[in-house]
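So, here's a batch of structures to check.
Okay, so chain A shows up in both of these, paired with chain B first and chain C after.
Then we have the complex of A and B:
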């Protein structure tokens, strides 16, 4: 083999290695980007779950109040009954707040009792996240506080 | 050293540097721990809300709330006595513990949260007002679901003070959620 041929073979070898490294680098970068996108999507979903949970906790339609002072993390049973009575007339409004989710109030003490506050899960979703938040359930007529939790299921 | 040997050495160094860089990328990009926003929010909300809702809960004992029972329990003399379903009479400390165990059974235990609930007495020299050991006679379970001695790793601590007014001092209800 002449010296010129050796040089050409060397150049071709270097080019092959260069392109191999480039393909490997692009694949690697693509993998990293894809992972980042998935994480961002998951973070956005988790933030939406938190947002829905906060919205439920601070919903004035159900919050306990005493002399104009709001008792946070407490649900008034009579306001809740009013909310449930009027829910059908304002479905679109609540869908704009809660989206694809299901919200249940589970009373666990002194007796078990479940009330579905909102259910718009639909049949198609890829995954769901469940958040449970303890709350007081107040009956102002008997001045009794019961114990329970809000089960907030958000679907994607 | 010949020129060929020097080139090989240079190539080996380049390969070594690229490998080290790749290892760093794998370590800091692929194996980096994710910040779990939801878990952090949930734990904070559970801790805070559980104590507040628990303290406000009305019990079957003379219409007292858990906060009333804990207040009575923290006083130097207890005035509230409650009938137990087995016919015996419980003091306010034990009745509060019985109801709190009922609340945790349907929530924290069900959700597999590792926790410990305690009540710090007004006198710093005294121990937890709740029983640390189970009392099978009255069906009083301890208010924790972690092995003893209690874990020393990361935990979230939420507190809820109960005033003993007109006596001085407070009883501090404490919920520790172990995250490690």
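Then we have the complex of A and C:
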């Protein structure tokens, strides 16, 4: 082998090792990035759960109101009935704000009673987050409050 | 001689080889850096867009409070339907959001108000930043005798609007005048300036074309797209009226478009919206929501009426649902005709007033409230 050929072979060897190291480096970097991406995805999912919970609590279709003031964390049973009655006409709208989730109102006192407000869970999801929010349930005719909670399940 | 010739060829080949490999390596690293930079921009855009989505969702529910949000130095483009950061877009869905077309800088301001008509329908979200300047002009000296002066000597609609605006906004006031030299609004080199004028309900599109508001002299040299104006034409901020939009063209304002308002929340929306299209789009979204909410109230009123009826209760008469039905019919007519004009808004306002009165009666009679 000539001296020149040996030199070229050396250079090629160095390059091969260099590229091998670089491939390892890129692979490692990709792994770290992917982990970060998964964490970001999880954060976004948690944020979406919070958003859905907020949207439910502030829906004018259910909120208790007294003229222009709003009673927070309170659901008017007559508005709720109206919401359920009209739900089918506006499915798309509610899907746009609640997405893949299930919202249930559980009355716990004086009697236990469950009402499903929205169910678009589907059968395929990788994970779900559940948030329970205590609410009062108001009957304006008898002017009485009952206790319960909103169960908000958001699927991914 | 032959040997040294071969040696020099070998050396030259080595150099060429090293140069080619070097260039390939440089190109490779350059493209890696470029791709990484793009990915990083997109990632920042995505993170900011997701964070802003959460901020906007919670801001729209916390009504009455102006929030100042510190964000990374960026440019955000707004339309009625979505916002864009670094080519990442997020939809506003059904939210009625009113904002300038572009906001730049490190701070955002959000302010939400409930829209009642007369029951709560939806919330309006206004987005701006301290670089956008709002000038509200008091029209008290525009005509003689002085029109509708409030106890403090200002025009009553001006006072009503001015008192609603949070002081954290970049707002200022001056007196309106027929002569542009006499409107004392200085040039502060603002990126955007919106001037708000008041006129009474006799102002119409003919006057808007022939007699647009006067552009303050110091702002004449500003770029045309940086100064816009609206005229609020009506007799009551909580009634109905018209909003006229104007764009700067040299030393004057040119009439662009118009759309009606109903109640003060929509007047605020008009003030924060980039133009008549954004304002109209947000109001149409609000009316779509109103149709849904009114249907819930119709159902509620009927159910309560049946319940009171079964109980033989004295409150039954308040729940005949006539006024709720009238409002529902107004809204459906408007949406079906796709024609949102002043007359529709006046009829709706009339029915809203009647429902407000009936609701007050239910309170006086200790009955359940209609809303």
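To be clear about the criterion, the second predicted complex is superposed on the first by the 128 of 156 C-alpha atoms of A that agree within 3 Å, B and C clash if a C-alpha of one lies under 4 Å from a C-alpha of the other, contacts with A are read in each partner's own complex, and residues count from 1 in each chain.
Here, contacts are C-beta pairs under 8 Å (C-beta built on N, C-alpha and C of every residue); 3 or more make two chains touch, one makes a residue touch a chain.
Keep in mind it's a predicted model, so treat the numbers as computed, not measured.
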| item | value |
| --- | --- |
| Combined model on chain A where chain B meets chain C, clash or fit | fit |
| Touching partner for A:146 - first (chain B), second (chain C), both, neither | first |
| Touched partner set for A:61, first chain B, second chain C, both or neither | second |
| Touched partner set for A:50, first chain B, second chain C, both or neither | both |
| Which partner, chain B or chain C, touches more chain A residues | C |
| Chain B versus chain C as contact partner of A:74, first or second or both or neither | first |
| Which of chain B and chain C A:131 touches, first, second, both or neither | first |
| Overlay on chain A, chain C to chain B nearest C-alpha distance, Å | 11 |
| Chain A residues contacted in one complex by chain B, in the other by chain C | 43, 47, 50, 57 |
| Chain A - residues contacting chain C, complex | 2-4, 7-8, 11, 15, 40, 43-44, 47, 50-51, 54-55, 57-58, 60-61, 63, 65-68, 70, 76, 78-79, 81-83, 85-86, 89-90, 93, 96-97, 140-141, 143 |
| Chain C residues within the chain A interface of the complex | 10, 13-14, 17-18, 21, 46-47, 50, 53-54, 57-58, 61, 93-94, 114, 116, 118-123, 289, 292-293, 295-300, 303-304, 307-308, 311, 359, 363, 368-369, 371 |
| Chain B residues touching chain A - in the complex, by the definition given at the top | 25, 29-30, 34, 36-38, 41-42, 45-46, 48-50, 52-54, 56-58, 60, 65, 99, 102-103, 106-107, 111 |
| Of chain A, residues touching chain B in the complex | 28, 32, 35, 39, 43, 46-47, 49-50, 53, 57, 73-74, 108-110, 112, 129, 131-136, 144-149 |
